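Once you've had a glance at the structure underneath, I'll fire off some questions.
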Amino acid sequence: MNFRSDNVAGIAPEILAAIVAANAGTAPSYGADAVTERLAAAFAAVFEHEVTVFPVATGTAANALALATLTPVWGAIYCHEAAHVQTDECGAPEFFAGGAKLLPLPGEDGKLAPAVVEAALTEAGVVHHVQPAALSISQATEAGTLYRPAEIAALGALARRRGLALHMDGARFANAVAALGCSPADLTWRAGVDVLSFGATKNGALAAEAVVFFDAGRAQSFAYRRKRGGHLFSKMRFLSAQLDAYLADGLWLRNAAQANRMAARLAAGLAALPGARLRHPAEANEVFVELPAAAVARLEVAGAGFYRWGGAGAACLRLVTAFDTQPRDVEAFIASARGG
Amino acid sequence: MNFRSDNVAGIAPEILAAIVAANAGTAPSYGADAVTERLAAAFAAVFEHEVTVFPVATGTAANALALATLTPVWGAIYCHEAAHVQTDECGAPEFFAGGAKLLPLPGEDGKLAPAVVEAALTEAGVVHHVQPAALSISQATEAGTLYRPAEIAALGALARRRGLALHMDGARFANAVAALGCSPADLTWRAGVDVLSFGATKNGALAAEAVVFFDAGRAQSFAYRRKRGGHLFSKMRFLSAQLDAYLADGLWLRNAAQANRMAARLAAGLAALPGARLRHPAEANEVFVELPAAAVARLEVAGAGFYRWGGAGAACLRLVTAFDTQPRDVEAFIASARGG
Amino acid sequence: MNFRSDNVAGIAPEILAAIVAANAGTAPSYGADAVTERLAAAFAAVFEHEVTVFPVATGTAANALALATLTPVWGAIYCHEAAHVQTDECGAPEFFAGGAKLLPLPGEDGKLAPAVVEAALTEAGVVHHVQPAALSISQATEAGTLYRPAEIAALGALARRRGLALHMDGARFANAVAALGCSPADLTWRAGVDVLSFGATKNGALAAEAVVFFDAGRAQSFAYRRKRGGHLFSKMRFLSAQLDAYLADGLWLRNAAQANRMAARLAAGLAALPGARLRHPAEANEVFVELPAAAVARLEVAGAGFYRWGGAGAACLRLVTAFDTQPRDVEAFIASARGG
Amino acid sequence: MNFRSDNVAGIAPEILAAIVAANAGTAPSYGADAVTERLAAAFAAVFEHEVTVFPVATGTAANALALATLTPVWGAIYCHEAAHVQTDECGAPEFFAGGAKLLPLPGEDGKLAPAVVEAALTEAGVVHHVQPAALSISQATEAGTLYRPAEIAALGALARRRGLALHMDGARFANAVAALGCSPADLTWRAGVDVLSFGATKNGALAAEAVVFFDAGRAQSFAYRRKRGGHLFSKMRFLSAQLDAYLADGLWLRNAAQANRMAARLAAGLAALPGARLRHPAEANEVFVELPAAAVARLEVAGAGFYRWGGAGAACLRLVTAFDTQPRDVEAFIASARGG
């Protein structure tokens, strides 16, 4: 009954097996190994597009390094006010981007609307202002909701028109693809995304994320930035092996679909309780639910794991399911909340 | 016959087993797990001193984050001109330390002498100069040599007298301890070392290093710096499990001793060849040997792995042994070099 | 009729005379001269408090350097969303503060309310978030309004309670003091201000601002930061002479009072026009006035200087008066707007 | 008898008159004024080449901002080990260049030789190393010596061949031009210089330097960097007026020639003293002279102003003459040193 985060889960068996398998003999270091070299093709197949791929080990590194390639140090990066890059990375994007500025914007259910972004853009070319450089969105969002392809495309079109690069924080990209049932391409480059932080850690890896550039030109500085950030692994084969196994045979989507199903079940069960209310639609693997104080107290007594979320009114809980969440966990949680 | 680096080796079986064992159930993320929590005690036992320990995944991260805690952004960090932090980290220390300045100094066999450091110190308190802040030494050095405890203590005394913090890059600290046969304490805090980058990756881990502070006061900012650098792992238990297994039952010293023995054998065998000359004493697990061109050519034909090293005169090779190097690898290399 | 800014004005005669007078013989450089050395006493007299004073040449330098001393690089600086540091310094505070984060907050008439600040504070000690470090307010504000001493004291009390340093951007501090008629001390250290950017350039200097620390402990790093930012002047006597003349005989308050009077007259005259409306109370030397399109057109035809300001509805103009603005300028502007 | 620096001098009368003259009426701020706008043409005439010119107020700002435009944050800037950017700017170049690395090189009499630079260049394209980005030389050098056009051209050719930008720190550029009698063009763009820090402060300005780009493409980011560094002056006309007067009627060369003549006279007079020795040829307006201890003592008693310079053996003094140094000052100093 630990729904505090998907990162409390361990390693998916297929990925652990791949690490073990990669541990044979010596291998060239720093990414010159065979597993790393075949990653680009594997990602190209998933995205139906040539890509430049860089494995890193944390989502913060993926986001911060990706954003740093998209902005001059005097640039502005527009994002949702609840975006992970804005609220939960201790300023990593500003650090890696040399003091570039994140400009937080409001939006319902964790999503940005083009009109809100456009209204916030500072005037380009005026030396007194930071210069509009990038737009960053999260898919799935921090509210557990999803952008539809047309919504991303609208933001992508705005970005092109106003000279912004478009970044997607896809720490839970697999959950989005699994839930929407559309192609990874439709959610990314076809909609105008320039670079994707493609998460694997939350969905079954030990520690592996991929920064995926759909335009090789934008990727040029990444290798230097990664090394300088201490994020180039000497025994790279073990990072790459995780990503390789993650993509193989659709493991990434199977794992995500399981987490999504469990979240849907959890949301439905909790929403049916007297006095309960979902704060956001539970579209991926996160549930934000307001519960009566008595229900929360019962959960605490039962030792259930969850986070309290901010905001007025009734207590709101954030619950996250993972690739290994089981129906019995979900049912036990609902039963504890219901009591009686 | 791959002696290009100790990072071409894989994971030691004991460490891989620990990763597998840690993969049971859910665990609190970001270092609140049980394995991480017992690390401080394990390191305290090894160093006979209370320590504050932070696991990270790369040596560059360990060094750059450690140095950043020791200097203001207008500070000077003195180091050997061949130090890894100066030559092989793409400016990571400057990046993490906000533009602080590394001042490279000469020294025989990769080692710094107190008089050379003292002569280079800029005057404290003069606003035109960067301010003396830290001294960084490597143990084992980049020349494969070792500082004796008294040599470190002399640098430590200078550092204290002149207000410098003392950092040790211990990417190959295990090799140093195994070779010198002295206590980890004598090589670190008893000699004045404030913070140690304690390496494990090159000696059998998948990707794990520990930044060890002997003075908790200096560690205060580290947690923020680590997160902001993207080096805080959500599934921390898997980093900590590597370090835990590395220290358990003396694995770290057994592995290092094996690498050292193989290096000594390699050095002896190569030095005996006609026209060969060791450039530096082979005191740990690195051999720098000048060989006749014909010998190098034979090694290349044989497909042996090595790096050519800079400098005038005969070709110089850098050869590095690892925890899993076997006598047959060494003998095969020597035989190839000898030819005939 | 140029009301585009107070920085379109030149140098006040008294200040120009002081520059000329300082140009006699040689003088020690970098601030060791006699004029610079007596500045601290002059400022102490004005503020009835011991102070540490650093002359710089631009308001951006004053603000950015001051803020950099108040926050770690992983810190958060809370400010009004229209603050000059947030919108008009091209990211200088982030640059000087090593990527620290400005968090913009809403507030009527350019002013922050304690409750808004408190609600926005992130939790201290949680490594995922930037850490609350400083609060920055502007006096006069960017809306041409003023904080009363009690309002500042309320923010100061909040800052103390929550561990924030309090910075005041006083680019137009003289206008505030002249308008409110209270002591500089009541508006600063007595109300909890730790460091003040004390402006002179907009009010008659060639280029001179003073960063005034009311707590010498916070000033320790400033000298290094100033030099490293290229803001330590070799011929410092000429900066200091401007500030010295500015404070002497109340010139700073006389100049500001003149600008304030002209702004009041301008505001009254324009507000009386049909269809006109003041957007904010004109409390110092800035007037924000919404005018009918026809009036704006008449002003343009007349060659009047002003800025258009953002926002919905009728056109809004920003008009700024200076120490040398004359009644005839004001009357001419009003007449042009009125037409007929 | 104050030879501590050329920055102990005041403002040349012609430049002070220009400041006074510029103080008439209102003027557009931030460089849109008429004086600033005609600067580019004035500099183009001096350099026989189209240029992009940015006024700033300090030499440190000029150098640090110029270098920042020439290097990525993971770049290397090669310079003389005694260069002002390396030793006397408290890390400003590293700060403005986002942590880029200065690599100090040896060279006789403050000058770099192409072979020394070439031997030091790290391999381009290897991600572990900072990437060769720029070469910075000083003219006149910190040793008071001069590069001849052919010497600069040789460095310029190396720079082009190896992909380095070439920066010249011309804090005393006027002294170099006046001494060599060659055209400013021959010392800069014709020899491969990309950007010049053109000093005026030491040679008669209040506080004014110009960053001169010979290639407009390299200048693109400068305006943002200058603003973000707090170096964009609102009342820019007063900076530009200094530079305008400095170039008009050859004032810059007249002033420099006077300082050079006085330095030559000082060098000759001191070198003739028993036991004296010039450490470097006195080619511009600086004299480095080793004097017997008794002579130094006599100068101290006489209240003469000078700096002691480092190095072994006899005491070495650094003496700097300025545009307003008079023969009587020189003779008095020599007489004091001679004694008796």
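To keep things simple, chains are lettered A, B, C and D as they appear, and every chain counts its residues starting from 1.
Just so it is clear, a contact is a pair of C-beta atoms (placed from the backbone, for glycine too) under 8 Å apart; a residue touches a chain by one contact, two chains touch by 3 or more.
Fair warning: this is a prediction, and the values are worked out from it, not measured in the lab.
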Quiz item: Quick check: more C-beta contact pairs in A-D or B-D?
Solution: B-D
Exercise. With centres defined as the mean of C-alpha atoms, identify the chain lying farthest from subunit A.
Key: D
Quiz prompt | subunit B and subunit D: spacing of chain centres that average the CA atoms, whole Å | solution = 41
Exercise. Mind checking the centre-to-centre distance between subunit A and subunit B? Centres are C-alpha means, answer in whole Å.
Key: 34
Practice problem: Provide the C-alpha centroid distance between subunit A and subunit D, rounded to the nearest whole angstrom. | Solution: 51
Quiz prompt | Per-residue multi-chain contacts in subunit A, two or more chains | solution = 73-74, 89-91, 95, 98, 127-128, 224, 227-228, 232
Quiz item: Quick one: in the complex, what on subunit B touches subunit D?
Solution: 73-74, 87-91, 94-95, 97-102, 104, 122, 127-130
Quiz prompt | Contacting residues of subunit D [partner subunit C, same complex] | solution = 2, 4-5, 7-11, 16, 19-20, 22-30, 56-62, 64-65, 89-92, 95-96, 201-202, 206-207, 224, 227-235, 238-239, 305
Quiz item: So in the complex, which bits of subunit A are touching subunit D?
Solution: 30, 72-74, 98, 127-128, 131, 221, 223-228, 232
